[in-house]
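One structure coming up, written as C-alpha cells, with questions to follow.
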Amino acid sequence: MREDLRHLYQHLHRAPELSMREYRTAALITERMTALGFSTFACGGTGVVAVLRNGDGPVVAFRADTDALPVAEETGLPYASTARGTLRDGTEVPVMHACGHDMHVTAAIGAATLLADTRHTWAGTVVFLFQPGEETSEGARAMVDDGLWEKAPRPEVVYGQHVWPGLAGTAEINIGTTMAMADSWKVTVRGRGGHGSRPENTIDPVVLAAHMVVRIQSVVSREVPSSQAAVVTVGSFHAGLKENVIPGSAAFTLNVRHIDPETRERTLAALHRVITAEAQASGAPEPELEELYTFPLLVNDTEEAAAARSALEGALGADSVTEPPVHMGSEDFGHLPDAAGVPGVYWFFGGLPDEVLHGEDPAPSNHSPHFSPVIEPTLTTGVTAAYTVLVSRLGNGSRAGGTGR
Amino acid sequence: MREDLRHLYQHLHRAPELSMREYRTAALITERMTALGFSTFACGGTGVVAVLRNGDGPVVAFRADTDALPVAEETGLPYASTARGTLRDGTEVPVMHACGHDMHVTAAIGAATLLADTRHTWAGTVVFLFQPGEETSEGARAMVDDGLWEKAPRPEVVYGQHVWPGLAGTAEINIGTTMAMADSWKVTVRGRGGHGSRPENTIDPVVLAAHMVVRIQSVVSREVPSSQAAVVTVGSFHAGLKENVIPGSAAFTLNVRHIDPETRERTLAALHRVITAEAQASGAPEPELEELYTFPLLVNDTEEAAAARSALEGALGADSVTEPPVHMGSEDFGHLPDAAGVPGVYWFFGGLPDEVLHGEDPAPSNHSPHFSPVIEPTLTTGVTAAYTVLVSRLGNGSRAGGTGR
Amino acid sequence: MREDLRHLYQHLHRAPELSMREYRTAALITERMTALGFSTFACGGTGVVAVLRNGDGPVVAFRADTDALPVAEETGLPYASTARGTLRDGTEVPVMHACGHDMHVTAAIGAATLLADTRHTWAGTVVFLFQPGEETSEGARAMVDDGLWEKAPRPEVVYGQHVWPGLAGTAEINIGTTMAMADSWKVTVRGRGGHGSRPENTIDPVVLAAHMVVRIQSVVSREVPSSQAAVVTVGSFHAGLKENVIPGSAAFTLNVRHIDPETRERTLAALHRVITAEAQASGAPEPELEELYTFPLLVNDTEEAAAARSALEGALGADSVTEPPVHMGSEDFGHLPDAAGVPGVYWFFGGLPDEVLHGEDPAPSNHSPHFSPVIEPTLTTGVTAAYTVLVSRLGNGSRAGGTGR
Amino acid sequence: MREDLRHLYQHLHRAPELSMREYRTAALITERMTALGFSTFACGGTGVVAVLRNGDGPVVAFRADTDALPVAEETGLPYASTARGTLRDGTEVPVMHACGHDMHVTAAIGAATLLADTRHTWAGTVVFLFQPGEETSEGARAMVDDGLWEKAPRPEVVYGQHVWPGLAGTAEINIGTTMAMADSWKVTVRGRGGHGSRPENTIDPVVLAAHMVVRIQSVVSREVPSSQAAVVTVGSFHAGLKENVIPGSAAFTLNVRHIDPETRERTLAALHRVITAEAQASGAPEPELEELYTFPLLVNDTEEAAAARSALEGALGADSVTEPPVHMGSEDFGHLPDAAGVPGVYWFFGGLPDEVLHGEDPAPSNHSPHFSPVIEPTLTTGVTAAYTVLVSRLGNGSRAGGTGR
C-alpha cells in the first residue's frame, strides 16, 4: 500500500487545483473511495463525502481538505507542479500544493484503505469529508450549506489533521485552543492617474499604498500588547502597468490573525484608522475596504482531544506527541463539527526530516514555494494517526455493536 | 476634409495598439498615404515611411508616432477604447491612446492631404515617418537600425509635434532644450516566501519593496538641488497572488527624469544606493536592477526652431505661440534627425478647451485614463501647424526648383 | 500610623530625585529607620541598609527602590512634584516619582514600623535594602559591588514589591518568570550639517534617524514570532537646535524587552542590521551604538514564591491574589538575591481604584506623567503585604529562636 | 588696516552671540564706528545705526547683520568659538558664527574706515545699519518698528552683502529675484505617555513624529512641480528624556522655502494636511502648529542692481562678477528698503579658496559646523565691494554737493 500511496501523492502534487475548482481531484477521490467500498456523494460543489457503514456503533467523521494555492513551485522535485489555474479576476497563475493538502488527501485515502481492510476489528460508521476551498474559507461552509448533515450520518465527533514543518514521525495536538482567527481584506486605494513626468497633477496611489503598508507595521509594533499574538500580512500589492504612467489606483490584500477577540477588535480598528488617515494625508478619496473572508478561532474539545492524544501516543510513541503553542494559521475545519453540534478535534503531523528542520537555512513553512514534506515517514505517520484515532473512537468489532465512549 | 479626419481620429482612438505591435494602425496609414499619392514602405517593424517627391527642392521630414498605452480608458467618450492587448510578459491589459498619438497620426495624414492637394505651390520632397514604439523608446531606433536613411531620402531637417494639455488652438516651441532625459528600471526585490501567519520564517518582500518606495522619496526631497528638476516615479508595483501567502519576490518599475546630466548621475547613484541598502536592512539578497530603456535629452536646433516658430506664428497668430519651460516628458524623436546628422525641431500643440484647462478639477494630463483632447480646434491646429512649417521649409513651387533656406 | 505614612508618601512624592542622586531621600530614610531602632549604613552611594536583629531565627531581606524619573508631572495632585534635576549630560529636567518608588519606600518604612512594634511576635533578623538607581539598572549592582553581603547579614531570601496599575487592595505574584529582560542603547546618527536651504550639500541626520525609527517597527511586526513577546521603544530622539540649520547628527535611545533569550538575540541583531543599513541608504557614516545598560530576566524562586503567595492570600484574601502574565517591565532586583546566592521573590500590588482601572480613558501606567496611585487602600496594602510575607518567613517569637522553613 | 580687520574678525568669530542678544557685539561696533567719526545710536534693541554726513549729496545705506547661530563649531580653527548662549526656552547651547555675519560686520567696518579716510573724494551721507536677529527674521523689523527711518536719514537705496561658499575674490549679484521666501513652523505632536514596556497603553509621539518627517518627504517629491523650487527641512526634533519612558509629546521645526508664491501655498497646505492626517493615523490629538516667522522673497531693484554690478565689475574684474540662480536662502534685509520705500540691492561674495570649493569633499555651506571662510582674500573683497558700490552711488566730492544718479 505504501508504494501505491506514494504514487497517489506524487500524482496529486503534480496536479494541484485552485480553491472551489478541485474538479479532477474530486473525481479521483470519488473513484478511489468507491473502489474501497465507500458510498460517495458530491457536496458543496467539488466536495466529496464518503461513508462506510460497518454495523452498529459510533459514527465518526474525518475531514481532509483538497485545494492548492496560487504559488509557483520552486522545490525542484521531480514531481514538482507546473500546473496553472485562473483566479476569479481572470488572471492566470501558477498553482502548487504549497500547503500539503495533497498529503491530507493521500493520508485520508490511506486510512480509509486500512479501515476497509480491518473492518472486522471495529464497528460503527466512518464518514470521510473531502473538503474543497479551505484556503478561501469557503469549502466547509459550502458543504454545510449544501445539506451535509442532512445527507451524511451525523457523527459524534469530527477529526482533521494538517501536515506542517515539524519533525516527520511526530504529532502535535492542543487540548483547547488550536488555531488563530483570521480576517482578510482587499484594500483598493484610489488616487488620480497621469503622466509619470508630472506627479504634481496626480495623486500617486503607489506611493500612497506604500505608505500604508509601512504605517501598518506600527500597529503591530506599538498597539498590540506584547502578551497578545497578532500578525498582519500584506500578501499582495498590485498597481500600474507601465513605468511612465502613474496609475489611478492600487490594490493590496491584508491577512490579519489573532487569538484574542479583544485584540482583534483593536487591531482591525487601528488598521481601518491608518488606511483612512493615510489616504487623507495624500488628499486621496476614502479607500475601499472589502472583507474577503474570516476564519473563526479553532478550539479542540478538551475531552475528545485528550482521548485523541492518548490514541496518538499509543500509535507514535508518547515522546512523539506534544502540545504546541496555538498555531497562528487558520482553518475553516470548525464549521463542520459546529454545524453538527458535535465536538471537533484537529492535530498536526510533522513533515520534515531532522536535517531540514534544524539545518542552516530556515525550514520552508507551509505556503512557501519551497514547502516539500518528505514523503516518508510523513505519509505513514498521517495514515497511522488518522486510522488510529478513528479506530480508537469506533466501537469494538468483536462485540456486536460497539457503543463508543 | 475636416469631417473625414474626425472620423479617422475616432477610428484610431477606438483601435489603439501597444508599442511595436501597431499592425492595424500601420496598415491603415499605408492605405491612406498610398491613396494620397505617396510611395510607402515599412521600416522598423510596424513603422511606415511615406515619400512624396515634387520636383527639385529641399527634402524635409515629419514624424508622427503611432503607439498607445496599457491604460484603461475612463473618458466616457462615445468613441472610447475597449481594446485589449498583451504585454511582453504575457499579461493581457486594456489599451488606450492616452498620449494622443492618434491625434498625431491624424494630423500628419491631414497635413499630407493638404501637401498633396497644393503640390503646385511648393517644390521638393516630403518624408513622413510614422514611427512605432515611442512609449518604450524603441521605435525611432528600430527605424534607424532598419536602414531608414539608406532607404528614404535624407532630409535637411526633421520635424515632430505632440498634443498636450495646453489651450486648443495654441502651440509652444522651445528654442533649445525641449524635453527631459528619462531612465527606466525594473527592480526585482527578492525575499523569502512563506505562510502569511509566520512572517518570522520569511523575508517579506512586500514590506521591503514598500520601504524602498517610501525611502526613494527622500532622494528627490533631500539630495536633488532645488534649482534642478528631477522626477522619480514608481509606475508599477506587483507582488503576491494570495493574501495569506507571503510571496518570494516583488517587482516595481522606476521612471526617472532629468534635464541636467550631473543631477541625473547623482540621482541614479542615490537610487541604487537606497535600493541596495534597504534590501540589507531586511537581510534580503541584492535586488536585481534591469535597465528597461533610456531617453536622451531632446534639444531643438536653435536656428531651425526659430524659423519654425515664425511659421507657426504666421499660421496661428503671434499670441498663440509661446516658449514653455522644458517639458519633463521624454521623446525618442531625437534619434531620427541625429541618425541623419541633421537638425530636429519638435513642438507642442494644445488639446484642451479653456473651461477644462482652467476648470475646478485639474485638467487630465497625457497618460491619464481621462486624457481626451477636444477634437476641434485641436485637430485643425495640428494639421495647420504641420502643413505650415513643412511648406515654409520647402521650395517655392512657382520657381523651378526651390532651394530652401 | 496611617496618617503619618500618608504624609511621608506625599513628602517623598513632592521631592523626587534622579537615579544615583537620591541624597535627601537617603537622609530621610536613614533618619526614619534609625528612629525605629534599626542600625543603618550607606551602601552603593545613595543606598541605605537598615538591619533589625531580634534574636535567633532566619535572616530575611526586603528591598525598596528609591529613585524617580525625568518626567514632568501632569497629575494635577495637590502634592504633585515641581522638582528639577540634572541629567549626566548636564541637561536640567523635571523629575517625578512616575514609577511609584515613593510608595515603595513608604510601604517599606510602614512594614518596618510594624515589625519594630511587634518584635515580640517574631524572631530573626530583617534587613531592609533601600536601593538607589533602579531605573538605570545601576543601584543593585552598586550595592553589591560596595560589599553589601559582606556588611549586611546574609539572608535566606530577598523580597521586593512594586505598585502598578492593578486594583488597589490586590496583589499579583508569579511562580517562576516574573519580569522581562531589557536592553537599552543610545544610537548616534552621523550626517553632515549645513544650511537648511541646501539639503543637497548635507546628509540630513533628522530624516535618516526618522527613517530608522520607522524601519525599526518592521522588526517587531515581521521578524518576531507572534508567540514571543518583544517591545522596542524609542524613548527619546534629539537633533538640531535651529529650524534653518541641518544638524550634523541626531541621537535616539532604544529600550528593548524580551522574555525569550533566543528572540532577544534575533531582535537585537535585526535592530543592528536596520540601523547600519539605513545609514548606508543615506550615504552616512556607520552610526554609533552605545549600550546603556541591560536588565536580566527576573525569575521568582518557585518554592519561596508559593509560600509568599500563601502569606499574601492570608493577608489580602484568596480572591485578591492572582498570577499575572509575565510583566514586560524590568528590574535589577534580581542582582540582590543572586549576589547572595539565595532565592528572590517579587510581587506587585495594585494602585488604582476600580473607576480609574475600568474607566473610559485608559488607566495611566507607570512612567506616565499621569501615574498616580490612590493613596489608600494602596499604601495599607503595600505595608500589609510586606509585613505579612516577612513575618511569615521569620521565626516564631514565642519560641526561643525560630528556625524558619 | 588689513591686519587690524583680521584681528577684529577673529575676535568677533570667537565671541558670537545669539539673535537679538548681540550685546557685546553691538558695544564693540558702537565703539569702532564712533572712533571713525560716525554718529551712532542704538535701534531695535541690539541694532546699531552709524551715520556719516559729508556734505550735500545722496544718502545711501549699507546693512550688515550681526547675529550668530546655535551651532557647535567643528572647524578646528585656532580662533574657533567655544561660546555658549541660552535659547528662549532656557536651553543652554553652543554658539558659532556659522553664517559669516562676523565677516559682514568686519567688512562693513572696513568699508566705513575707507569712507572716513577718503571723505574728500565723495559727498553725501552714508548710513550703516548693523542689524541684529537676521537668523530669526526679527532684527530688520525691530529696527523699523523702533523708528529707524524717523531717526536715521532716509536713503535713496539700501545695500547689503553676504559671504557664501563661492570662490574667494568673486561676487555674484542678481538683477531681480535674489533669495527665496521662507516659512518656519514649530510642530508639537501630542501623544499619550507611559511605560516603555507597554506601548499599547500609550500613543507613541516619537513614532508618530518620525512618520510625519518621513511622510513629509513625499510632498516635495510628488506634489511640487519639478519646474519649481521647494525645500522642506526639519531642522530640529526633540522628544523624551529617558529610554524606558514613552514621552507624552514630541516637537519638531520645519523650515520651508519657495520662490513661487503659488507653489508655496500648495506646499504649506500639503504639509498641514500630512501632519493632521498622520496624527489621525495614530489616533492622536490634532498637533499644534506654531508659525515661528516668515521671510519674504528678496528682489533686487533691477536698475540699481545693474549699476551696482557695474561698480563691482570695476572693482573685482568683469570675470569675477556673475549672476547666480536664485538663492534658496532667505533674508529679512528687504524690510529695510521696503520700510523706507526705496530700492534695495543685495549681493554675495565668495569665501572659499579654489581647493576647498572644488576639493574631494563637498565644501561646507553656511550653517555647517565646518563653515569657515578663508580670511583673505575674502575680507578684502567684502571691504572693496561695499566701499566701491557705496562710493559709486554717492556724489562726487570734487564738485560741491553731488546729486547722485
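Labels for the chains are A, B, C and D, by order of writing; each one numbers its residues from 1.
Just so it is clear, a residue touches a chain if its C-beta (ideal position, glycine included) is under 8 Å from a C-beta of that chain, and two chains touch if they have at least 3 such contacts.
Just so we're clear, the structure is a prediction, and the values are computed from it rather than from any experiment.
Visitor: Pick out whichever of the two, B-D or C-D, is joined by more C-beta pairs in contact.
Guide: Most contacts of the two pairs: C-D.
Visitor: Please identify which chain has its centre, taken as the mean of its CA atoms, farthest from the centre of subunit D.
Guide: A
Visitor: How many Å are there between the centre of subunit B and the centre of subunit D, using C-alpha atoms for each centre?
Guide: Using C-alpha averages as centres, the distance is 45 Å.
Visitor: What whole-Å value do you get for the distance between subunit B and subunit C if each is reduced to the mean of its CA atoms?
Guide: The separation of the two C-alpha centroids amounts to 66 Å.
Visitor: Using Cα averages as centroids, what's the distance between subunit C and subunit D in whole Å?
Guide: 49
Visitor: Counting only residues that touch at least two other chains, what does the list for subunit A look like?
Guide: 197-199, 202, 204, 207, 211, 214, 217-218, 221-222, 226, 231, 257, 328, in rising order.
Visitor: Going by the contact rule at the top, pick out the subunit B residues touching subunit C in the complex.
Guide: Within the complex, subunit B touches subunit C at residues 197-200, 202, 204, 207, 211, 214-215, 218, 221-226, 270, 273-274, 276-278, 280-283.
Visitor: Along subunit C, where are the residues that touch subunit A in the complex?
Guide: 214, 216-222, 226-227, 229-232, 257, 325-326, 328
Visitor: Could you pull out which subunit C residues touch subunit D in their complex?
Guide: 69-71, 74, 87, 90-91, 93, 98-99, 135, 180, 182, 184-186, 192-199, 201-202, 204, 206-207, 209-211, 213-214, 217, 231, 233-248, 250, 252-255, 257, 292, 327-330, 362-370
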